[in-house]
Each structure stands twice: as C-alpha cells, then as structure tokens.
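Next up: the structures, one after another.
Each of the next two complexes has chain A plus one more chain, namely chain B in the first and chain C in the second.
Presenting the complex of A and B:
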C-alpha cells in the first residue's frame, strides 16, 4: 500500500499536518492509536505566555535555541498562526483569537489563563472586558465541574459571581452505573428537548447576570447542541471546560478527522506502528500491529506520536527512547536529573523529545532521515506547560512540516 | 478549666490504642497530635500482620508477643486485618539449612510454621519466584495501619475521649514541686497556643516523643532507623512473601487492598531528618532488585511510589544497622526513673504490639490514678469490627462492598440511598460520595491527605489524578472553603509527587505528565501552590470564607 504521506498519530499535530497535505491533493494515511490529548483539551490553543505589554515575537525571542518555534523561525510564525486558524475554519471549527496578542480563558478552577486561539463558544476575554456579574451553572451531582471553585476565584478578582445548580432529569439513567456520570456521557444524552428545558431553568436564575458560565458538556458529535443552548439562553453565555474527558476537545478531534476523510484521507484507528524499514537514509515503509505483514509505504513519514503520555516517548531508569524506530532523542543527565522534587517547578523531562533539524527532520544514530519528520509534543526543546505553548507547538509544527513537504515537490 | 485524667501525646497507633484503652477504663482522655493521625511511622510501614516468624530466630520474646497479638487482632480488629497467610521462601542463593532452625525457633515461640513442598507453594501463590527450593507457611497477614489507628481513635471518642489533631505540644506545664501537670500546644489550624491540664501526661509520640521529652528534663536514647519501601500499583501476590533467612533488606512483600509493598531497608539517620524522609536512588534500586527475587512479575509492574518511615527503636547498643535491637516494648515511669512525677513514656514496640503497649501503659497510669478496672481490649472488638459479615447479592454495588471492607459495621453510617451518594469519587479504590462524606463528617477528615488515610481515596493506580479534584470539591462544599480546598489540592498533588518522582519511569511518567497537563495546563492549579514546608502537611482551614 503506497501513499504520498503517512502520518503516525491522530492528535492535533497529526491531523493538522495531514489536512494541510490532503488539501493540496496528496494521498495521505493517518495511523492512530485512538484517543489523544485532545480528550482533555481546554478548548483553547496556547501559543506562548506573554508578559504585560509583550508581543508574541518578543516572547518567542526569549525561548531557548532548541525550541520548535526557534527551529521554524520567528519570521514564519505569524503566517503559520493565520494558517492554523484558517485551516480550522475550513474544517467548520470557528475560533476567536487575535493574531498578535493573547486573550484570557477561565479555567475549571476559576484561574485566568493566557491563550491564543479559542473555540468560539469557550470563555475568551481581554482583561478590560471582564464581566461584572456572572452566574456559574452546576449540574446537580456532576463531580467533574465545580461552580463554587470558579465563583470564588472570580469573586477574588472583584467579579460578582453567583452559582446555581440545575437538575437534568434526562441524565438520571447514567447514574445506574456509579462511574458513568461524566462529561462525555452527559453530552450524549443532552438532546434538543433536554437542552431547552435546561435553558429555561437557567434563564429563571440568570436575571441579574451579564454572563452565564456553563460546563462544556454540550455538543460532542457536532456544534449544534452547544449553539442551541447559547441561542436559548436570554443572556450571553460561554463554556468552561470540565475535568476530562473534554467535550469540546473530542468534538474538535472529530471535526478534524471528518475534514481529513472528506478530503480523501484514510484514517486507521486503534492500530499501532511498531517498526519501520530504513534504507539509504530514508524510511521506506512502516508496519502495524493489526496489519501483520502489510508494508505501508510512502514518500514521507510524519511522526506525530506525542510525548510520554501518548507513548511517543518512553522512559526507563536509564534512558529516554522513541519506541518505533529508536530515533535520536534529546535528553540530559540521568534519572535523578529528569525530575524536580517540586511538582510545580519546571520539569526537565517535559522538554525531552525527538531530535530534529530546522526542517523538523528526525535522525537515527546521528544521521538525518531525509523523508521523516517529527511534529507536536514529540519534539524536543519546549517546556509546554510552563511556557504555555502546548497547542501552539502542536498546531504550528504540524502545518509547518506539511509546508516543508509541499515545498519540496 | 477542664482537668483530664490523662493527656496522650501522639496520634499514631500507640497513642490511639492508649486513648482507647484509657477511655474504656473510664478515664477522661485528651489525645493531642501535631499533624494528622498516622502521620508518623504508623502510616509508613509494610502493614504486615506479623506472625512473629521473622523474629523467631533472633528475638524469641518479640516473636512470642507478635503471635499472641496476631491472634488477638484477627478477632478484635477483623475489619482492619486481611488473613492472607504468609510464605517464607528459600531461594537457590540462600542456605536451605536455615529452614530447620527457623521452624524449630517458630515452634518454641508458639508460631505455627510448617514446611511445604515448593510446588505446593507455587500453587498457593502463583506470583512467587518459581526457582524457590524451600517454603514454609506461617500465619502472616496484612493489616491496614491507617484503618487500625483511625478506628482506635474513633472507638476512643465513642468512649468519651477527645482527639485533637493539628495540635502540637510545645511544652510541659509543671507545678512548684516539679510535677508535670499538663501541656501547652500550638493549634496549627487557628494559630492559638492553648494549655491543657491532666494528672498524667503520656508520651506516645515515637521518635518525636523522645525529642519532646527532653523539654521535661527527661532523656530517652532513641535509635532512629529509616526504612524505605516501594508500593506497586497492582496486587501481584495474595500471600505475604518473606525470605527464609536472617532478616535483611527488602525481603518482605506484603499485599494490601489493591496494591503490594516491598520493604524495607534499615539505615540509621540523624534525628533531625526524621521529619523529612527522602528515598535515595540506591534504596529504590535495592528494593526493586530484591523484590523481583520474591515475585519476578514485579519487574514489569508499575511502581506507584517510594516512601519511608522511622522505626522508633530504643537505643540499646552500638549496632550500626539497628537490626539487632529488640523491638521490645519500653514503658518508662519518669517519676521513678527521672524524678519527674506525672509523666510516662511508652515507646519501642511495633505496629503489631500496639494493643499490648497500650495495655502496659494504661495499667501503669491506672495504678497511679488508683483505677482498678482491668483491660478489655484483647476481647472487646474495635468499633467497626463488631458486626456480622455484609450480606450481598447481585444488586450490591461494588462501592458498598469496598466500603464494608474499609469500615466494617460502620457501613450503616455511609449513606447509599441515592444514586448521587453511591456515585464514585475515586474509581481506583471505589470510594463513593457517601463514603467521602462519612470520612469528613464522622472520621474528621480535614483535608485530602486525611481523607486518603480514612478512605484510600487517591491511593490506587492513578494516585488521585481523577478523584482528588472531585474530593476537594466535596470538602469545599462541606466546609464552605473553596479557596483553601484548592490550596489543599495543590499540596495533596505535591505530596503525591514526593513519593512518585524517585520511581518515575515506564508508565509512571505517563501518569505524571497527565496529572501536570490536567491540573496545571488545563486548570491552572499552580496558582494555588503554596510554599509548604516539606515536613508537614497543610491543614485546611474550615472557616467559612465565602
């Protein structure tokens, strides 16, 4: 089976890379293990944390030389940010976000966090636009969202924040199982009728609010349930993500996957690439667990396998390695150096990843593989949680790798 | 001002056991603990229900005490004990001749030890190293030290004792004659420094107690010996597995609830380090290497955490390892020994003999107070262990079965009428909303670490990733303190990480990264991370702040 490009990994970076290639008519295959970190997405993509008055460009300039943004080059990043937003738009995903500065989102604990691009229905503010009076809505008995946590934090910022609890009769059957009352399941049972009733109940309590804040449990397959409740509410409203699973994240992944398939791409789910054939400094083909002796051949291979959580990287007591091919990995020191005893400090292991050149090409035993690229969280050099660049690195490196491949044709 | 018969300093198993015994004999009791119950050595050991076999060759007195208490605890603390039985195995590198001497010593101490065919041992315990050349079966078991302590304290309260956690004794009060008449304590919750008065003050604070005793002008030579352990995220063995040889490092593997533990090491440490035990890479390597010899599948098993405790051994000689020191019980009447009336110390001993230690200390106190009531703790079941077995059918929810295992007859106090109350907070350990509420309201959990010790919430495979946030929400609701609940959550995750990072490889890295992505990336919890001293957990303030 011969493809133009094979993408290993179906998370944000793999999907965006694959869609970019497929939009240009290339025959692409994604091999995905299944779920990705989009399953606990905030519904927003961060580019980089900035200080007061600082531009994206200035913040990027302070990143270490090995950071993916530095490899891509500061001059390319502005255009790539625009490309990501447009690509999402073509997939039917409407976003908000300024090209040159961050906005703020409200986290499930009520913290404000900087972010670059948010799904339209999620909270998004500039600081001067913060609401004065909000109503935070809890769903009775739902343990993965806590309106009080959010309201108490907003209260400390001088926002008048009330909470209310609404009971959703339709979800009661989920409770027959002690562990099924979770965001994704709730989203599945909230149909049109349930949403309308819920909106009525919230409207009764929202008379004084400028803004209603809702748990993001609406619209897992498509946007319509989320749009519906926003239409039905008499006051402006926005969603705050719940603890995982993330309904907006799952929807994002589904819409991107649909877009890829609509463009003619093939998506193999629940399969694992376990080895690759390398000859003359190139990857010729890969093999998967479910397809036995089948050789998946392509002109280019993109490793979008994620970091440790997604098993794109593995750690033993002695080393960090890339499990498919044993690609060169950037890491330093021994086990004692990889972790900081303060869980909230910068953790060295977070920045470990596959070694690449400036074109994001990977290497094996010190020799660059001409047709193999790494994107997303698999890349070395970023400390994504601390510097606030998780979504940005994934999205931008995915689109960038596609550009490199397309430019070579 | 209230005058107590006895103030007990220390909320470990010894203090809790003494509080129960004293209260059952009708004394008015106040127990003061500087942090939470089980915070010291009690919460940092194997949880082995010793048969005494381990000490049979080297310390026949300790062995005999162990087997007597082993039999007693099975009866009176049934809901804290799991009757797993134990194997002592001989590996090819060990001397098989030791086995005969071992069995003979066991029999002398009254321990039922019998040699079995290695093939039979493999059949009984499939996880055991199949290369074994000898096996002896002994009546070892598992005991949950958290549950045992918390239910001793709960039972003491039911008998009228007062238990104050987060009250650190800072000084002794003496009258003009030099008699200890009470203590001053610092309340870590509200910052006050109240005084408490009693006829007798009993120090049951392990290593920390002896440091404190110096303030009363009393010296007890202690021998702090650090013991390191590893917890695996899967229960690979159902029987306790020991090595049949002279006690050495990392030679006991104990199953407990959903996990198993390998330990321990024994290293003398300076007394100043007792508050902040750190596990070294060498200790981790040793425990892992030796553990794999007992049960080879441990090599592939996810390690949850590494931790360590300090044995409160009483210094007796100059043995640099501390292994030859008797685990014997030491009860000191400071009136006789040091000329300080009103003060008693109970120390030495071990988890297994806590009840006997309490009996000895309480006997001494009663004699001083002229109380003639005899000890009943060897026959009266602990609250929770005093009911019939749970009747189950196909409709019984698994969280109810799990809660019965943890709380015995107090299952009746755990609400399960609504689907909300039965819904799970902690999915690894099947802790329901009802059980969390019981932990907060009846077992006086003030924060997440307290709740973990009372319910096992966050002790399982995911180490609190999913449940910590839910439980913090329930604590916040109960105490109306959302901001301190978030601070508490932040320090709970820090405390979990302290045990995780020394063993973070394999799937543990995934868990760690996931936790960081959720709590820091998604939620921004780092904004609530407070500078906490590594030595002490942070109590949640229960003041209404909204």
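Presenting the complex of A and C:
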C-alpha cells in the first residue's frame, strides 16, 4: 500500500504533523500502538518556562544547542506557535494564549504553573489578574481531585479560597464499582440534567466567589457538557485538571483524530510497526504485526512514537535504543549515570532521544535517512520537565516536520 | 504465538476510560481490573473477579487504548474460558451454535422468519430462554450460500486461471447469501475463481464468549486444517470471523496458526492491495448514486482493516462518503440478545445511532453482521457490507474487460 506520508504514532506530535500534511491534500496513514500521553494532558501546552519579564525568544536562546527548538531555529518558532493554535482551532479546539508570553494555570495541587496555550475552559490568567476569592468545587466520592489541598495552596498565595462538596445523584451509581470512580467515569454519566442540577447546587454556594474552580470532568466526547456547566453557572468559572486520565486530554485526542479522518486520513490503531525496509539511505516501507505481509510504502516516514512510556524508546542495562529500526539515539554514560537519585532533580534520561539533524531527519549507524523524521518526545535534547517545554516540543516539531516535507514538494 | 503479557500493564486506566461497557455499567469493574489486575489474583484463585467477566464485550477497544500493548481483551476472554463458572445454559447453546441452528432453520425459513417476529414468540423466548423480547432476530435465508454455490457457481469457477478460497462464515451462509454471491460476482469479474474450503465450521467466536472453549477448539482445528489444505489466500467478508481465525485461535484457544495467518484475509484488503498495485481494475456504473456513512466496527478498528474499505468505497464515483466516529454499536454478537444485557447494549450504541441519524445516509456500510442487526433494528437505516456495495455499483462487463476476463 502506497501513501505520501506514514506517521508512526498517533499522539499530539503525530496527529498535528499528519493533519498539517493532510490539509495540503497529502495521502497520510497513521500507525499507532495505542493511546498516547495526550490522554494525560493538563489541558494546556507549555512552550518554555520564562523568568519575570523574559520573552520566549530570550528563554529559547539559553537552551542547549541540541534542544529541538535550537534545531528548528528561533526565527521559525513564532510562526510555528501561531500555526499550532490555528491548526487546533480548525479541529474545533478553542485555545487561549499569547503568542509572545506565558500565562498561568492552576495545577491539580493548587500550584500556579506557567503555560503557553490553554484550552479555553481551563484556568488561565496573567499574574496581575489573579482572582481574589474563589470557590473550589469537589464532587462527593471523587478521590482524584482534592479541593481542600488546592484551596490551601491558593490560600498561601493570598487568594481567599473556599471549598464546597456537591452531591451528584448520577455519580452515586459509580460507587457500586469498588475501584473505578475516576474522571472519565464521571464524565460519562454527567448528562444535561445532571449538569443543570449540579450548576444549581454550586450557584447556591458561590455568592461570594469571583471565580468558581471545577474539576475537569465535563465533556469527554463533545465540548457541550463543559460549555453547558460554564453557561449555567452565575459566576465566571474554569476547570482544573484532575489526576489522570484527563477528560480534556481524551477530548483533544478524539477531536484531532476526527479532524485527521475528516481530511481523508487513515488511522491504524493498536498495531506495532516491527520492521522497515531501508535502501539507499531511505526508508522504502514498513511492516506491522496485524497486517503481516502488507508493505506500507511512503515518500516520507515520520517517527512520532513518544518516549519511554510510549515505547518509542527502550532501555536495557547497557543501552538505550529505538525499537523499530535501531535509529541512532543520543544518550550518555552508563546505567548509573542516567538518573538522579533525587527524584525532584533534573533527570538525565529525560533528555535522551533519537538523534536528528536540523531538519529533524533521523540517522541509522551515523548515516542520515533522507526521508525519515522524528518528532515529539522521541527527540533528544529537551529536558521537558525542567524547561517546561513538553507540549511545545511535541506540537511544534510535528508541524515543523510537516513544513519541511511540504517545502520539498 | 504471544504469551499473556499482563505484567506490562502500568495501571494508567486508559483501557477503562475507553471501555464502552464501563461507560454505561458501573457494576463492571472495567478492563484493567478484570484483565491484567485480575490476572495477578487469578494466579492464586481462578474465582477472582468472576462476576465481572461476563460484562466484557470482547470488542478489544481496551487493547486499542493500551499504550503498553497489553492484550487485555485476550486475557479476559481466556480467564472466562478457564474460570469454569460459565456453564452454558440452553440459551447459550442456542445462540452460540450458529451452525446447528442455521442448518435446522434454513429449510423452514418461510415459517420460522415470521414466527420469530410474532409478539407471542418473542415473549416466550424472553420468559423461557432469557432472550430479550425487544430484540429483532436476523431472518434466515431460503437457501444457504453453500447450496446456492454448488447449484449455480461451482462449475464456472474452475475456468479461471487464478484461484482463491472463501471462508463464508455463518452469516453469509444461513442469513444473507447475497454477501457470498456478491463476493463471487466481484472476484469473478476481476478474473479470480472462488473455491470453498473442504470443511468449514463456524469460526467459534460465539462459543468462546459463551464459555464453550472445548467445542470452539474442535471447530478451530477443522477450520485450520482446511485452510492449510487450501494452501493459498482464503478470503473472508466478516471482520469478526477474520479476527477469530487470525488472532483468537492463537491468543485465546492456544492454537498455533502462524503458518497460515497471513493467508487469511478480508476480501476488502485483498482487493484494495490488488487495485493499488494495478493487478485488479474496477469499473463502476455511472448512474450509481448513494450517500454512505461508514461505521468502523470494533473488530475493524482492532485489526485496522478499515484502511482498506475506505479507499475502495472512495473509488465509486457516485458514492458520497462520511466516516462516522469509530464507536461500539453495543450488540457484541450474542451479548445483546440476552435479556439482562439489552439495556446496556442499547445505551452503548446510542452515540453511534445519533451520529447515523445526523448523517442521514442511504446506507450505513460496515463489515460486521451483528453491527448490521443492531443498527438496522435501532435506527431503521439500511446497513450494507462494503463488498455488497462494491458489487452493486460494479459495471461487471467493463470490469471483466479491464481485467481481460472472457
């Protein structure tokens, strides 16, 4: 089977790359091994952490030379940030975020965290516009969201935070299950009636608040439940992410996949690429477990397989490797050097990944593969948690690789 | 053959978040608990989580969700067979023994079909057997596909220089011979003769899900022997039979099929590959105009086989195609027929039914026969296998010419 482009991996970077290509009429196939880490998303994408008064550009300039942003080039990043936001918009995902500076969001622990692009309904503010008095809403029985904890953290920042617990009849059914009372289960049972009653109960308790904070358990398949609760509340309100799985993340994944398919894209789920045919410095085709003898041929191959969690990278005691083709991987030292015993410190293994040139082309035994690219968390050089660049690297590298491919045509 | 890999589970719970049953039924602990988590306990005692296993639809959407490649659905299916708690009753025997029921019913189909529609018989089946009275039974055919084939098609097949085999499955044989007939028509027009296997039994999927592992294994062995004897490509038209023959035999029944797995393929995949390589050319009628909504059945999603269906449907000039968001229709073979499951079944499917109503197509296209029953019963829209759609739209004479068939 012949395609223009085959993307291995169906998470944020793979989907954005594939959508960019499919929007230009290219025939694309995504081969995905299962759901991606987008399903654990906070509902916000980070670009990079900045210090007070620092611009994105200044922060990027301080990154090490091997960081994906440095490879892409500072001059391209502004335009790419705009492209990502527009691309999400065309998939029906409305976001907020300034092109040039971070805003702040509230984490599940009640901390403030910098971020670049947030789903419209998630918390987002500039430091100077922090709310003075908030109401943090908890749902009876839900353990993956701790309103008291959040309120206490906000209190330490001088925000007056009250909590309230609301009882939802529909979620009581979930208690029949001895283990699953999670965000996704709740989101499945919160229909229109439940939401309206929930809004009434919250409204009664929110007289003094200037912002209501809710767990992000609304709208797993469509935006409507999330929009509905915000519409029904009499005070401004926003969502805080819960412990995983992430309801906004699942919706993001769904909407991006739907957008890709609507553009004529084809998507293989739950399959594993186990080998590739390489000749003359190019990948000619790949094979998957489910499709056995079928050769999947393409002009370009994009590796968007994620990092260790997604099995894009694997580690043994003596090496870190890319399992499909054994692509060249950047890593240093031996097993003992890969991690820092202090779990809060920067972890060296997080910056390990597939080696690429400035066009994000991968290499095999030191030789660049002309038509194969790596994007997203598979890339080496980023220390995503320390620099705060996880979502940005995924989204921007995905769109950038698509640009390189399109420019060659 | 792959081993049970429950230890690869990292407890992320995405399987449960994507499980159609867990979304509507809180009593179901979900695939993570029933599958890899439960498996650890079951090493001590097979009875752990027994009560929950019956809720698994075997849709495999959990496996599609798992980022770690755990074969969750297979783990559950196997645990169900091994638990020994699922003693099939009369209802399970009737629902799962599709070969016996089909053979008995087809000769009397003019009587049986209307009787199955009577309120009184539905009430009786509900009360006595526990088959829900709201369920519509698929009609039996007046003549089986194999009988038609022997009478009207067999002789002509040997004239073709290229030969293939066809595993028709129970549905094409007893309920809807047109599917098999359309496949023969399509393949013949492309220059391929279609042969039947020496012996074909029901693939066994319903036996597996109703706790009849021994019988499933015996039937599987008969099928594998025939497929081995065929020694070449064996086409299928049902996604579920295909998955059972290719994946459930090794993963759930423990029967090695590695030597023939790649010979077993959906006819749509075979056609799509040959069309793309130029070995087969298709010509369609210019006046065929249909609005089609494609439904990705769970097992088409699991096998990724819909990537072959869509390009073929897009070849038909008069087809206006919408791709529905992949979601479970809720019937899950015999599951939705059981009284205690009917409401779960309809609730699971409701999202798909709404999407279909919104698309308002002439046909819903899907490769799964039980999806067809469920969607037709629940929405009133006509459901068609893409093979039948291709055959209906085909310009047979022009296709024969293109493929140099005399």
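The rule is simple: the second predicted complex is superposed on the first by the 409 of 409 C-alpha atoms of A that agree within 3 Å, B and C clash if a C-alpha of one lies under 4 Å from a C-alpha of the other, contacts with A are read in each partner's own complex, and residues count from 1 in each chain.
In the analysis below, a residue touches a chain if its C-beta (ideal position, glycine included) is under 8 Å from a C-beta of that chain, and two chains touch if they have at least 3 such contacts.
Since we're looking at a predicted model, the values are computed, not measured.
Asks: Quick check on the superposition: with chain A as the shared anchor, is it clash or fit for chain B versus chain C?
Replies: Pair status: fit.
Asks: Quick one: is A:128 in contact with chain B, with chain C, with both, or with neither? Answer first, second, both or neither.
Replies: neither
Asks: Centred on chain A, what angle do chain B and chain C make, from Cα centres, as a multiple of 10°?
Replies: In the superposed model, the angle at chain A is 90 degrees.
Asks: By the touch definition at the top of the document, which applies to A:52: first (chain B), second (chain C), both, or neither?
Replies: Touch status of A:52: no partner.
Asks: In the superposed arrangement, which partner chain does A:245 touch: chain B (first), chain C (second), both, or neither?
Replies: second
Asks: Can A:292 be said to touch chain B (first), chain C (second), both, or neither?
Replies: Second partner only, chain C.
Asks: Answer with first, second, both or neither: which of chain B and chain C does A:336 touch in the superposed model?
Replies: In the superposed model, A:336 contacts chain B only, not chain C.
Asks: Look at A:75 in the shared chain and tell me whether it touches chain B only, chain C only, both, or neither; answer first, second, both or neither.
Replies: Neither partner.
Asks: A:108 in the overlay: touching chain B, chain C, both, or neither? Say first, second, both or neither.
Replies: first
Asks: Of the two partner chains, chain B (first) and chain C (second), which one does A:385 touch, if any: first, second, both, or neither?
Replies: Only chain B; A:385 stays clear of chain C.
Asks: Of the two partner chains, chain B (first) and chain C (second), which one does A:309 touch, if any: first, second, both, or neither?
Replies: A:309: touches chain B and chain C.
Asks: State the minimum pairwise Cα distance, in Å, between chain B and chain C in the overlaid complexes.
Replies: It comes out at 6 Å between the closest C-alpha atoms.
Asks: Which positions of chain A sit in both the chain B and the chain C interface?
Replies: Residues 37, 40, 175-176, 178-179, 244, 309, 311 of chain A touch both chain B and chain C.
Asks: How about chain B: which of its residues touch chain A in the complex?
Replies: Contacts found on chain B: 281, 397-399, 419-420, 422-425, 427, 430, 432-433, 466, 469-470, 473-474, 476-477, 482-483, 485-486, 490, 493-494, 496-498, 501, 504-506, 509-510, 512-514, 516-518, 520-529, 546.
Asks: Can you list the chain A residues touching chain B in their complex?
Replies: Where chain A meets chain B, its residues are 37, 40-42, 107-109, 111-113, 140-141, 143-144, 146, 148-149, 151-153, 155-156, 172, 175-176, 178-179, 181, 241, 243-244, 246, 307-309, 311, 314-317, 335-336, 338-344, 347, 349-350, 384-385, 390.
Asks: What residues of chain A sit close enough to touch chain C in their complex?
Replies: Result: residues 1-2, 29, 31, 33-37, 39-40, 173-180, 182, 184-185, 188, 221, 244-245, 250, 254, 258, 261-262, 266-272, 288, 290-294, 309-311 of chain A touch chain C.
Asks: Contact residues on chain C for chain A in the complex?
Replies: So the residues of chain C touching chain A come out as 10, 12-14, 16-18, 22-24, 26-30, 33, 60, 63-69, 261-262, 269, 272-273, 276, 301-304, 306-307, 310-311, 323, 325, 351.
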